[in-house]
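Shared between the two complexes below is subunit A, which pairs with subunit B and subunit C, respectively.
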Partner chain A sequence: MEYSILDNVGRKLVALVRLGVICILVAPLLVTVLLSLSKSFTFPPSGFTFGWYLNFLDRPEFIRGLTTSIVLAASTVIVSTAIGSGLAFVLVRHAFKGTGLLKGLVLSPVSLPRIACGVSLFLLFVNIGVTGAFLELLALHVIITCPYVVSVLSASLAGVDESLEQASMNLGANRYQTFLRVTLPLIRPGLVAAAIFAFVVSFDEVTASTFLVDAHTTTYPVVLFSYMERGGLDPTVAAGTSILLAPLLVLMFILDRYVGLGRALGIWRVS
Partner chain B sequence: MTTPRRTAPFWLAPALPALALYLAIYVPSLAILAVLSFFKFEPGHLPIPALTLSNYARFILDPYYLGLMLNTLYLAAVASVVAVAMSYPLAYSLVRSPGLRRIILPAVTISFFISAILRLYGWIGILGENGVLNGTLVSLGIIPSPLPILFTDKAVVIGLTDFAIPYAVLILASSISNIDASLEQAAQNLGATQWQTFLRITLPLTRPGLIAALVLSFAQAVSAFITPLLLGGGRVPMLATQVYDSMIFSVNYPFASATVVVILAVILLITFGVGRARPTTGL
Partner chain C sequence: MDLQLDRVTKTFGGVAAVDEVSLEVEETTFFSLLGPSGCGKTTVLKMIAGFVQPDRGAIYIRGDEVSRKPPYKRNTSMVFQSYALFPHLSVFENVAFGLRYRGVSQEDRKRRVGQALEQVRLSGHERRYPSQLSGGQQQRVAFARAIVTQPALLLLDEPLSNLDLRLRQQMRQELINIQKSVRITTVYVTHDQGEAFSMSDKLAIMNGGKIVQIGSPQEIFLKPTSEFVLKFVGETNVIDCRATAVQGDETVVRSDDGLEFHVKNRAQPQIGARLKLYFREEQLQIKHRCSNKNCFPGVVMGAQYFGAMLTYTLRLSTGRTLRATTVNTRSNAFVLDQPIYVEVDPEDCLLVPGDSRG
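Let's turn to the complex of A and B:
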């Protein structure tokens, strides 16, 4: 193997870029956590305080938003995995003429910019006279998360040996018993991954939801976003987002245990 | 036993709830958006059904909106090129170095899962006048006074790049993992230096991945909304912030719809223009 001076310089340069990129990925996270515990919004921090967390707890609109988002994300997980698994089942087990077209339609919301999703759903709901921000948001979030669910569960279902289901039916189980007792346990890792993805995507959604929220029903990221947009740059927002880190790490841990981070991340590139 | 004809609808049944949602809400909403973009707008009135191209013409004839569109394309292009260039070394190590993989994989995963608001807040804390960057540089005496970065297009490009990096890393990593490592070995055994191996073997073989990463990063940046609003502080308008202004402040739904269609058209053009090159997942 030959080494030139260029190789040595190049290798150091590449290592430097790599380090820089890891810093870029991690820095905003560390800075936010640091500022949430810092007395002043300047650097270097002047002192340690839990004041921003108390300030956060004192603001009812933040707590309301958090509650709405948790309920919305949980509802999204239930609806999205329920209807998405049915769709995935049909797509995997029955090849028919329109499979390709149907798949394209089902996965398309991933490639559609959120701003387009939000504006078009708002215009539809205004025109047909639907009111009720929660249901509108639920429809939006199910449409946005469904492609992830369908993609994950399709991969899971494709890995299930159909002869196991056949065997179950031959032994006298009906279609539903077979699904509940044979298929479902076999695709459980996929279901866990799908549910986690749907929850996180729904919980973090800002752009499209901005157009569907109203005075009574506002999601947590939208509350934080409008607070910052109105010039609220104090670390209350830092405290409000840092409290999400612990549950997030738990979800990541579960995902790693069930499907592995590498495989789970491949899911993001729905294609 | 039922006849095949009678069982036919039954296998489709599990898909029906999802199909209903897509066909009753998703598809019509996009249709309404497209139709409305051709309607006429009168302040204080409902959009007037008329087949006009005037909403689109503003992007060519009105220097402000033409500038807005070109500036959006420029910011998105810079951010996506920088993001892909920075992601390549990371993606390479993710695939080829098991030791670094243990650091890189969690770092990338957490940037996917973390709330965008938290990341943007972090960038405000880093780039602000009294932020981490200026604070460090000033106290070290490298610069006499804080650099104005936050609320300029520089901050927006940094934010857009940051959001594109995790996606670019994943696409590039799956593309790199598809290369047979023995090809690189062979090149080096035949006397190529590491640079030559990279330029002649690795880079050409990952071209589809590079293009896919560029296209996806660009598509995300060109439709970015909260990043220009929060890091640009209202001073860096982009196409998506224009949509928001039209919707909320001037209540001009036809123009907002046309602006969304322009964003979609740009993304479609870049996707199909540059070529649909998709590497298979190999992570």
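Let's turn to the complex of A and C:
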């Protein structure tokens, strides 16, 4: 009896903590949505208007920035997962003397201030005469996202029993066929997770990107930032953020449905 | 000759995991590599499969040297200790995996997979996934996947060690039956002497990267050539002694407490040399009276039951204790403190050089 009472209290405590965490996570989003519909840039919001959404849609720089960011994030995902999976494969399956050093190098951008990444890449590109903001941004974003991709895929690969790959080769599949038919399907959840990380980190990146954008190629967060800098301290930015929520929720729903978001991101389901 | 290893050596970090191993396996033989963990037996198997490259020596499969060939060009099939079934593929796709890369037509693939599954008594499970099968069933799928390609060599890496005792004994028999019916030359790696002795046509005992004895199970059990083999394949009694005389083909030795044993010995030791005398617990007979050499009086001190077998602890009149294992039947029932005689056949004794002190 005593046990079940304690158990009950524990259960309620867990539920309470869970509710608290959800509130903390959701609150900023809720405030943003409320602000985007408010007549003035104050909290609590006052009045109700769709005007900021109209203002947002009226300004082509926002739409252009959004397009650039989506294309850039998608390209980053492709390049970063391709390079990252190769690196992860080498790090996990073919340990050699310099493995530790290579791993440190690959993961180092995470611990480097973003601003340093931006400045140094900017200086490098200027000095070697590379032009083309999109490719410069792509290089930057690949460098920044690679550590995430490599970490996630390394964990994923380490979870694939090496004897499965041996069994495949033993049965007559060469290395390439083995990778396609055995390794790849088994690390698919990891690949999806890595792609999500790369996309989100790329889409969100502003600090380093400010150094590499130009008049024609500017990413969405940088556009929002410069709009505010130029005195646009109104709920348009809130509208610009809220507008992304709906597609994001749909994306998460689809991912959870078909891949299992928890599994993809390596989170255990709390049932 | 389906498999030949010629002085194969593999070193890991300066230590020879496999040291100059040579062996030959005839067609359709069930050959076991038996030894304690870390003796190099799994490394030998991995070198045959091509997962590990030997540093020196050559490996021949059906006369072709394969030492430098990748695993997918060797025509061996391995059953892994963990089974290594592909979790994302169905039972059918798992078994058909190897046929796909051998250019077998879809129709033939279907027929042969069906046959293989029938052989392991798993027909009707084609659409299941490995995670939906029991351990024993997974084991059968792994076996079907290995034999369906009709390889030159079947390589088994402790495939029964993850099963419970009853299933293990059942699978043992099934494995032999299938192996005999498909007639594929098999190399079996195990640390379980019961398995190795009951299943093999021939076996090699390994220790410290070396093969210490090769022979039929009967040869190895009855005529161990070294202390290691003797101790490894059974429970033994050991007695420190000195050689005192040679009489014909027998050596006479005397233990420190004055027991005199006659030993049929292959090597002739020097008179006065320090020796160790070994014989198995099962080779020590308990008798009511003496009729022969090597017979000594004693009393029963205790008994340990193992079901079908039981082991007596016996104290001789000199104070020495020995152990005797017998079949647990009424004729072998002795009570505590009962005076008895123990006897060991001169043929069953093994003499090895003892340490030099004293």
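Note that in this section the second predicted complex is superposed on the first by the 215 of 271 C-alpha atoms of A that agree within 3 Å, B and C clash if a C-alpha of one lies under 4 Å from a C-alpha of the other, contacts with A are read in each partner's own complex, and residues count from 1 in each chain.
Note that in this section a contact is a pair of C-beta atoms (placed from the backbone, for glycine too) under 8 Å apart; a residue touches a chain by one contact, two chains touch by 3 or more.
Every value quoted in this text rests on a predicted model; they were computed, and no experiment measured them.
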- Item | Greater subunit A contact set [subunit C / subunit B] | B
- After lining up the shared chain so the two structures overlap, which partner does A:Phe211 touch, if you call subunit B first and subunit C second: first, second, both or neither? first
- Task: Pick one for A:Ile24: touches subunit B only (first), subunit C only (second), both, or neither.
- Result: first
- Message: Output check: A:Ile78 vs subunit B and subunit C. Expected answer is one of first, second, both, neither. What do you get?
- Response: neither
- Message: So in the superposed three-chain picture, is A:Arg93 touching just subunit B, just subunit C, both, or none of them (first/second/both/neither)?
- Response: first
- Message: After the superposition on A, what does A:Pro113 contact: first (subunit B), second (subunit C), both or neither?
- Response: first
- Quick one: in the complex, what on subunit A touches subunit C? 161, 163-164, 166-174, 177, 182, 185-186
- Residues of subunit B touching subunit A in their complex? 11-19, 21-22, 25-30, 32-33, 36, 86-87, 89-90, 93, 100, 103-126, 128, 130-132, 134-136, 139, 161-162, 165-167, 170-171, 174, 188-189, 191-195, 219-220, 223, 225-226, 229-230, 240, 243-244, 247, 253, 256-257, 260, 263-264, 267, 278, 281, 283
- Item | Interface residues, subunit C side, partner subunit A - complex | 49-51, 70-72, 76-78, 80, 82, 84, 86-88, 97-98, 100-102, 145, 149
- Tell me, which parts of subunit A touch subunit B in their complex? 1-4, 6-7, 10-11, 14-15, 17-18, 20-22, 24-32, 34-35, 41-44, 82-87, 89-91, 93-94, 102, 105-106, 109, 111-116, 119-124, 127, 139, 142-143, 146, 150, 200, 203-204, 206-207, 210-211, 221, 224-225, 228-229, 233, 237-238, 241-242, 244-245, 248, 251-252, 261-266, 268-269, 271
